[in-house]
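What follows are several structures.
You will see two complexes here that share subunit A, one where it goes with subunit B and one where it goes with subunit C.
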Partner chain A sequence: MKTHTLSSHIISYVLLFCIGLFLVTFSIYYYFTRSTIQETTKENAVALANNTVNRIELVLNTEERIPEIVAKMLESSFLDRDSLIPFLKSILKNNKNICGSSISYEPNYFPDKGMFYAPYVFRQGSKIRSTMLGNENYEYAFMDWYQIPKMTQTPYWSEPYFDEGGGNMLMTTYSVPFYTYKKRERTFSGVVTIDISLEWLTKIMSTVKIFKTGYAFLISQNGTIITHPNKDYVMNQSIFTIAKENNQPGMRDIGRQMIKGGGNFASADFKSKWHPGKLWINYKGLPSSHWSIGVIYPESEMFASLHQINIILICLIVVGLFLLSLFTVKIIRKLTSPLKHFADSARLIAAGDFNVQLPEIKTQDEMKELYNSFSYMQKELAEYIVSLKDTTAAKEKIESELRIASEIQMAMIPHIFPPFPDLPQVDVFAVLKSAKEVGGDLYDFFVIDGNKFCFAIGDVSGKGVPASLFMAVTRTLVRSISDKEISPSVIVSTLNKSLSSNNESSMFVTFFLGVLDLATGELRYSNAGHNPPVVIRGNGDVIMFEKTKYIPVGLFEDFDYGELSLQLAPGDKIFLYTDGVSEAENVENKLFGEDNLMKVIGENVKASPRDLIHNMEVGLAEHVKGHTQSDDITMMTIVYNG
Partner chain B sequence: MNVLVTSSNDYTIVTIEGRIDATSSNEFEKSVMEVIEEGNTKIILDCSGLNYISSSGLRVFLIALKKMKAIKGQLKLCNLQPVIQGIFDVSGFATIFSIFPDQKSAMER
Partner chain C sequence: MKSWKHLILKTGIVIIILFSSLSSQAQLPKLVFAPQWLPQAQFAGYYVALEKGFYKEAGIDVEIVHPSANKQVTSLLASGKADVISLFLVTGMTLKNQGMDIVNVGQISQHSAILIVTKKSRGISQLSQLNGKKIGIWKSGFDEVPKALIAERKYKVEWIPILSTVNLFMHDGIDAMTVMLYNEYDQIINCGLNENELNVFPASRYGYDVPEDGLYCLKSTYANKKPELKKFLQATLKGWDYAAKNKDYTISVVLKRMQQAHVPANKVHQEWMLNKALELIRPGNKGVKTGELKEADFLEAVNILYSRNRIKPKYTFTDFYQPLK
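Coming up: the complex of A and B.
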């Protein structure tokens, strides 16, 4: 399973971190750059508007001076009535922006000239012509250009208009009131006007560009569009009519601010058919004429450069992250490539190949440490396995020897049942279960002289090999002694003498030996410190033999062993056992005990020797409940059939 | 298995606690032999805390008895629990060891 490699883990963490870092950096960068751009744009737009206003004002102010000077001249009677037309002509000749000029007197100012006196000079083609204004159809004294300066007593810029007679030019008229002294009183006497072509204004305005499509426009003090890239608007629409047509109250509000002469830089609170999306507007009033100039541009263009930079930046980062991933993969693969090798080596070592080649490590880092540990492990493991093999071989040898010893030991005791098929007077069954491979328990039985049945059971102190050797000696001695003797006490005494001499290890054997006269049923026995056997009478009585006063054999060379006798009737049984039975322990160290032993016997008084021993084994198993057998267990049952 | 050696009225008292089986008999043998080799001639084995003895343990008792007999010393047993007394009775060892009900009576005789 290699669905997730170390490198993919590390890369995913590194990438996640880098992306996070980038997002934070980018957001901060974007925020600050955006506000910087906005600020810079504002400054530019304001400067642009101011600059444009100044350019226009420069022209207008220059032109304003002319009628003002004329008015002063008239007031001081510097000009006489007949020189007015040549004077005006000379003004036109010297001022290309001026298309026409008049000095319009109050009606009936000159009673001899009739109602109207207003010499007017104007350009027609390249010629300069003159005429007199005023007749019944054109009573100039009621015109705005005349009325407003008269009433306000201040100069007045008229609303721009198309001069249909003079070449379809956009024009505006500047009217300055003039005064003369009548009866020493300064009295309003008429208006000096100049008609100015606004072509230059349109030119100036058309040079104002901001960003890609941003433009400037000019409105009059009524809101009429004076200049606009869309020629259809010029003089035909006002900012308010456009606002109404497009249902944009925000545009109307801005229009109101503009005609009040205010100035501001703001995001436009309106939409335009010209450019969908958010717009920004900057406007400023012209002090002299009360017109207002507006500079408008789309936000998308304002931030276009930012967006372009963003795209470049994102591309760079994506490429950068990709390269970083590649680089990281390479580095990690390079650094961790020995790990896979180590894993393979470990698998081979586990399979037993201790000479497997480890990956070569040239660096002096953790990988080198791993290499050192690994090769140390390899070496130790190899040595350990060698010693383990030796130990195992030695152990197996001992075990096999013990197994053979066990077989030899088992062969020493009778193990074919029934042992005497042609001897109906007696039947025997016995088991011996060693706690270890070999044990120190023994039983034996044989027939002497054809009518004496000799049997013995014994338990050597301790367990294992020493006990088994002592057991073998004991068993051999018993057989050889009983060749010559039939008295149990003599056999036991002789055995004791042989075992006691030179018994440096102080090992001893508890030993019970009985000789049953098959003809009479008399049992003579000698008990050397062995657990008292149990006699089961044919009528069901169960009696334990008395406790012995004789010590186990092998202790004191000159100890005297006596013998006792017991009369058996046909059907009587004798149950013999070692302390492995009565002292069998369970997990709680509770002994099986003589009580349980007697109980099991009591339940099996009629059972055959084989069944009795089998049931005793079952009882023992129930008691110990699987607890490890700690001592050798031996049981023997003899039935006397008479 | 635990062995505690104390002295009282010329007697060296070896108090045995726990079990003496095949596993602990070697340790027990070593402890008892040390006491004998130190030259103590009057030894009482207090078996009040002894609750199990295997044939390997009995062997140690016998070795101790033999050694003490060889140097004509005294080895007395006291405070045998009924189970231990039973084992001594069954094996006939009760007939070759001097067994007393308590330390006091062991010292008196």
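Coming up: the complex of A and C.
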């Protein structure tokens, strides 16, 4: 069998509790930290987008004013047709961000100038040059930068484009329609444009970084990618074509929100080849150009710091739990180490070593109490064992003496069978089994004057040594009285007188004494309160003697005992017994009884005395079934052979 | 001695065969083809036929040149810089009526891809509601069919010429716009408008399913190079057939062409265009084979171009269409 130590039991409970506690604490911590990080990130991303939008707007708003003012000036006829080019040149000189500017009139606006009149000023290297736009192959009136503000009557930021003539720069054009009065009617007359390089915009956007790989991108009003870390996307793809190419309807939805000028911080409902897993996006529109900035980053990076802390935390907790286990084991072992010692000591004490060394306890706790109890037990046990030894020795001495007494008692009664080999008229067999070492039953027989066979059976009240002594006295008295008397009543009366006098202990004895005349077969007997014997006639009749009217001897000194006679024929037997036979009890406290007694005798009418007694013993044993013998058992059978 | 002679003879024969084959390789008849627009998936079949060597297999050396802003495809044909060009049917017919001696030698597209599209937000859900509205239309042509469609119904519309982008439409500068299903329509979708936000009026729905891209050459070229033109048409149709079965490959070829020509290339858009171009090539239930011009379509175009205006065309179907049989 596998044994578990106390420490392992305690540590498993402690660990289980600690792990549970940790899990609950950790979950709460994780939940709150996560929401806090998400909230903070949202604020940062929104601030980042707003900041970027503001930086771009600052430039765009500043530049927007210039053509707007020029348009107003044209409408108010402040500007002379011939001064337009120098005027535009001065604009470029004073505005580094502007790469080109034009004032493009409606076709045929100046009939004397032909179809097209559109002075255009632009940078070429460090110089500012001028030209006139418009020819058969470049009908500017159909270009977006002209047509859209004309048709919509609002200023227009063009879709960004690569200016192949000017160093392949990413450009955009801002066009403002202007009106003049023809026949007093405010009529659309052309557009004022400025071309702005978007290099600075690309730079601003490339500085926007969030977390490890998060980035910002800019899309035009049509969703065209203006800036993006992936250069292949720029101007080749729109957010919608990317969405379609990668089959991400969620990206298209966000793109639609973006070009409508919306702003939001949301979990991106699309996947990207750039980063697997969940993405977050924050977007915001540019109020001027209606372009839109998106800031996108992976969720895993948003929570990267949290995950890092989590790993450290879990490591610390694992180490902590390990140390806790180690420490707990040590402590418990230290605290409970005396227990093992106590257990060993208890085993040694049980084995009889009362002087075994108990473990040394320095603490004043339960262990000290245990020590005190153990120590007390050790002391008490030692004392008890010493007294037990003495008692046992005394008992053994008594038992030894009793054994000797028993031997002496047994030696008092005849125990050699057949007792009278030279006396063929009579045969006897008897047994006496004391319930204790010494008993109060007795039997005796002897021959008087050569032809009288005297026999007696008795049962002293009580048991043990007093009864045995009383029995010995009775037996001795019977022997000495029968030396002088042969009448059973005289013998019994004499015996009664002797026993009654000085009978301080008020003991008595039921006593049956018979004298058989061997010559005639006459049996004279006196029964002092004893069980009636049984006569077994030679023809098989079994008769129990009548119940006696005489009281046991030793009770009243002056009681007169009478005697009766019975004629025996040769072959008749007499069976005598004490109440140890008839009152033998089994486990159910059921007595053997006179009926059983008579039954056994009836079955053994022809048996020899020895066999009869033996069979009676067997019958008794069957009845009691091993129940402890509570009373002395004495049986005697006499055969008169004539 | 006999074996030596034999060997020399054999070697001589091998050398002659080798040289003759090399020289014939070098002398493959050359044919220059010019589609009517810049490189895009609309012309995928020609690029694939060239890349896969279908023209060479047919025994012709084909070069594909594209028109530019300064040089229109018709000027390439007129100046002899191209032997065969691609044109809309109505464009080809107009040119012929103007006196250019051209013939149609094959009709690649069998259907009209022209739509008039409006945003649902403009509230135009019936064709009749276009009356009095501004409709954007290509400045560069292809306007015969939509104009006929509107004229037939006597709607008064303001046609706004547009160069190439859909931006004016997106910015609501116009109420509607004529678009090609394979091109501008998808550009609008790629600007973030969903199909369910648009109302479309396809020309074909109103009885104007006029074929578009066809192959044209000068009548003199037809007379001189008929076998080569026949080979060209067959190899081209083989190219289209291959393109239909190998779209990924075809798109990669188209994108390569576009990048070489420095034209902004968008894969998704070109995929859309390829699919639509392939749909247009199939004659369906017209009762003609792929690559053939149906007389009824020609007559429909005549009706659109001339009959309405009570003009009699200067040529007949047989003058105009010269099948390469």
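Annotations for the structure displayed:
We adopt the following convention: the second predicted complex is superposed on the first by the 611 of 642 C-alpha atoms of A that agree within 3 Å, B and C clash if a C-alpha of one lies under 4 Å from a C-alpha of the other, contacts with A are read in each partner's own complex, and residues count from 1 in each chain.
Just so we're on the same page, a residue touches a chain if its C-beta (ideal position, glycine included) is under 8 Å from a C-beta of that chain, and two chains touch if they have at least 3 such contacts.
Predicted, not measured: the structure shown is a model, and the values here were computed from it.
When both complexes are overlaid on chain A, the residue A:142 reaches subunit C alone and has no touch with subunit B.
When the shared chain is aligned, no partner comes close enough to touch A:43: not subunit B, not subunit C. Once the two complexes are laid over each other on the shared chain, residue contacts for A:528 go to subunit B alone; subunit C is not touched.
Of the two partner chains placed by superposition, only subunit B is touched by A:547; subunit C is not. Legend: residue contacts after superposition of the two complexes on their common chain; A:344 is shown touching neither subunit B nor subunit C. Subunit B contributes residues 19, 21-22, 25, 52, 54-56, 58-59, 62-63, 66, 83, 89-93, 95-96 to its touches with subunit A in the complex. By the touch criterion stated above, subunit A contacts subunit C in their complex at residues 137, 139, 142-144, 147-148, 150-152, 156, 159, 221-223, 235-241, 244-245, 252, 255-256, 259.
Here subunit C touches subunit A in the complex through residues 69-70, 134, 139, 160-163, 165, 167-168, 170-174, 189-192, 194, 264-269, going by the rule given at the top. Contact residues on subunit A toward subunit B in their complex (touch as defined above): 459-463, 506-508, 510, 527-532, 547-552, 555-556, 579, 583, 589, 591, 630-631.
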